[in-house]
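Same chain, two partners: chain A is paired with chain B first, then with chain C.
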Partner chain A sequence: MALSSVLQSESADFSFNIDRSFSFGCGFGQTDLGFGAAPGDRLNFAIKASLGPDDKDGPERKIEFLHGTTTLAFKFQHGVIVAVDSRATAGAYIASQTVKKVIEINPYLLGTMAGGAADCSFWERLLARQCRVYELRNKERISVAAASKLLANMVYQYKGMGLSMGTMVCGWDKRGPGLYYVDSEGNRVCGDLFAVGSGSMYAYGVVDSGLRQDLSVEEACELGRRAIYQATYRDAYSGGQVNLYHVHSEGWTRVSQEDVLKLHHQYQEPKK
Partner chain B sequence: MAMSYDRAITVFSPDGHLFQVEYAQEAVKKGSTAVGVRGKNVVVLGVEKKTVAKLQDDRTVRKICALDDNVFMAFAGLTADARIVVNRARVECQSHRLTVEDPVTVEYITRFISSIKQRYTQSNGRRPFGISSLIVGFDFDGTPHLYQTDPSGTYHAWKANAIGRSAKTVREFLEKNYKEEHMESDTDTIKLAIRALLEVVQSGGKNIELAIMKRDESMKILVQEEIEEYVTAIVKEKEEAEKQKKKT
Partner chain C sequence: MGWIEILDRAEVVTDKHHIRGSTGGGEIRRAPNLVPLRITCLPNDQDKMFKLSDKILLLCVGEAGDTVQFAEYIQKNIQLYKMRNGYELSPKAAANFTRKNLADYLRSRTPYHVNLLLAGFDETDGPGLYYMDHLSALAKAPFAAHGYGAYLTLSILDRYYRPDLTRDEAVDLLKKCIEELNKRFILNLPSFSVRLIDKEGIHDLEKLMPVGAK
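Coming up: the complex of A and B.
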């Protein structure tokens, strides 16, 4: 997780060259659904210049984006289950066991965090602003497809400039449960099941073997919880707590937050 | 160049009027009549077709334009201005589909067109658009809508309305003859639009162009024979009504 990089003195080097100018060039004209936006409507946050002329490796050398995480989301008949771990690592050092990797965009949309924490939380908060404006202008909630499209279009303008973000946009709209994977490369795919991060393979194994469309809410929650637990068991970079959310027709609910060690006892005890 | 167009044309008068906009509305009143009726399952737009010169190809004079599969519009006023507005609206319909992955709602595209019109009443070196438009269609959830925009950039929803020459007469006719129950039937809705147009059009069905859209279907422009059928039915109904009146 990028949070950890702050603790590493090497990658906490955010001192850019003095003569590099902060050029503000991001316009929302392309992605903005409000026609005839006034100049004040634009948010300019682009830092266009690179991280220094002598920096040949590019952003990777200065800011380490650690993808040590496990986040997963899947659709089932009663909505979407979102389950994430909460560990942030800096190399072999566990920086934090209590990171919130689910971002609450608005009462019916959730976004997960993988990659750069700042990138994820910043852009998803920006997405929340756009979603709210859409809601006010059009007198109806934004669809998950549109919200994920807005996010994908926003970050696509910064493609190649070092953003690192792999997020899943989850919600419930008039078409039913919605789940999209959006990343800073410009990918945007709709799907029924996604797992992102270093522990994703272990999580996939568990979810793939247990996922059925006709799961009850409790069964689906347990499946998500188990998948994250198994990922934290084998992946060194995932751990901490399992945060579980359920997105249904009325919005999202925070189902549980359980420590992985407690889950370990719960699952391993019966075997003895 | 932008420098020489730095003076606004549409400015307020001492008593609070925007004269350019009002003059634009006068231009609209000179345009040929257009009528719109919103039924329960069908929306209808009818326009008065100006008689074309003998050598002119009839099919190029189209005053009813489809904006997307679920929305279409008619206008009254300057045809050239309308062409620009229609083009922008068509592009916006597709842009909306691209960014939001949903077809536009009638209200959205009406708001868009109105915003363009309003912008031109507040820009340097530009005059307002000289058109009023009637925009009809169905939303994604199946609700029919009819909106009217005018050169000032305002828009309102209507059950039935008319714009252009003699709009007032037609609107009064509609107010007298619009019945909620009749809107359940497609035929009655279409007949109301034709009857309203017949009030002001010169020589009957020949000078009427009609387009309808039923829910989940695309716009259909009625051919001359179909219009004649409706006109004959209407004339017959009128004669029946006259006979009844004479009896009583």
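Coming up: the complex of A and C.
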């Protein structure tokens, strides 16, 4: 489900050749920029994104698309709110504005994506498989703590080998709402509020000042939405749309998807 | 008489801080409740103290991931020993077992970068505190500390520690150390969890929260 939507062309075509340098499609009758390429051409310009020190040329280079991102999740009395942006960047280039950064592991577990897109979506899909096996073996749903521990143990084996993943595992189990932060460094932490990505600090500011335990569902959704919007306002690497999910006792529901520009007008309008 | 273990941990990139002291017949351990991530900290109540058995606690700080994985590995093995043999490992034996494991992994492809304090109460030997670092050095000590916090607190422990401290005096000594950290240490460590080990087992004492900077 989520993996295929990442791979399909609803998001940007990530499969360009990375060893080709930046090139314009200059040909007879075409513009300088190459956007006037003949129909049927794939977008095939590649960018030698400068990534970190000591990177060598060639396919060994790590392309980290989603480190520039803002994802957040917090618990409140009616469950867990998960809010993410949808921008993918390759260096200073915006590769896509429509990336799905929330991975639907199963009908009651969600995982967010920050870091390398491939790492996140692959490992969370593998986690989905492990969760299903657990369900079949034990005849009961897996708890959020166990699911996050499975993921943490899986990526721990690859620690130091270049995985880049900062994810939040959110769900509802018999202990109530569950929220764990798991990353490729080996951290696995339970908590009530997390924000991950380059825009996380901006998001923390908004959520920390607006979070109360007695929020209604509407208010909590609006808080999550506003926090992501504020992060996209300040962080160049976050933007696109705000995807909002709510995890409750029956599972997760996709609440809304709103373009950040639309939110901008909505929030800034009354101030004029 | 009481063993005092003061353990605090703050991490900037990979710096960690551990303080531990033990005096007399019980052990008091302290560990700050935050998980640092680059320049922010993740708010949570993650416990850095791992209960190896009824009377043994392991404080484990260091590299993210390595700490939990190594500590849980040791924890499960100690419990397995109990299941197989019907009795528990003594704190001294547990410390040596832990050290051996750490040493075995040290020259492998995947060494565990963790600093440890192991505290336990033995029926015959009384309380014991063992300091272990990431290079697998093991030392039994009356009090101990890991990390930058050690620079600030070891001297306080040197000055005021006596082998015959009462429990309340021991907690006061801990408070002195925390106040010093609060005053001089660059990182803000908002709360510390404290545990005491004596012949009855492991007891949770109330959390210490240093108030304001002087």
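In the analysis below, the second predicted complex is superposed on the first by the 206 of 272 C-alpha atoms of A that agree within 3 Å, B and C clash if a C-alpha of one lies under 4 Å from a C-alpha of the other, contacts with A are read in each partner's own complex, and residues count from 1 in each chain.
Here is the rule we use: contacts are C-beta pairs under 8 Å (C-beta built on N, C-alpha and C of every residue); 3 or more make two chains touch, one makes a residue touch a chain.
Computed from a prediction, not measured in an experiment: that's the story for all the values here.
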item: Partner chain in contact with A:159 - chain B first, chain C second, else both or neither; value: second
item: Which of chain B and chain C A:229 touches, first, second, both or neither; value: neither
item: Contacts of A:185 with chain B and chain C, given as first, second, both or neither; value: second
item: First, second, both or neither for A:237, with chain B first and chain C second; value: neither
item: Per-residue touch tally on chain A - higher for chain B or for chain C; value: C
item: Touching partner for A:193 - first (chain B), second (chain C), both, neither; value: second
item: Touching partner for A:201 - first (chain B), second (chain C), both, neither; value: second
item: Doubly contacted residues of chain A, that is, touched by chain B and again by chain C; value: 153
item: Contacting residues of chain B [partner chain A, same complex]; value: 92, 96, 99-102, 105, 108, 111-112, 115-116, 119, 141
item: Chain B-facing residues of chain A, complex; value: 31, 33, 35-36, 138, 142-143, 145-146, 149-150, 153, 174
item: Sites on chain A touched by chain C in the complex; value: 152-153, 156, 159, 181, 183, 185-194, 200-201, 204
item: Residues of chain C that touch chain A when the two form their complex; value: 35, 37, 40, 42-46, 63-66, 68-69
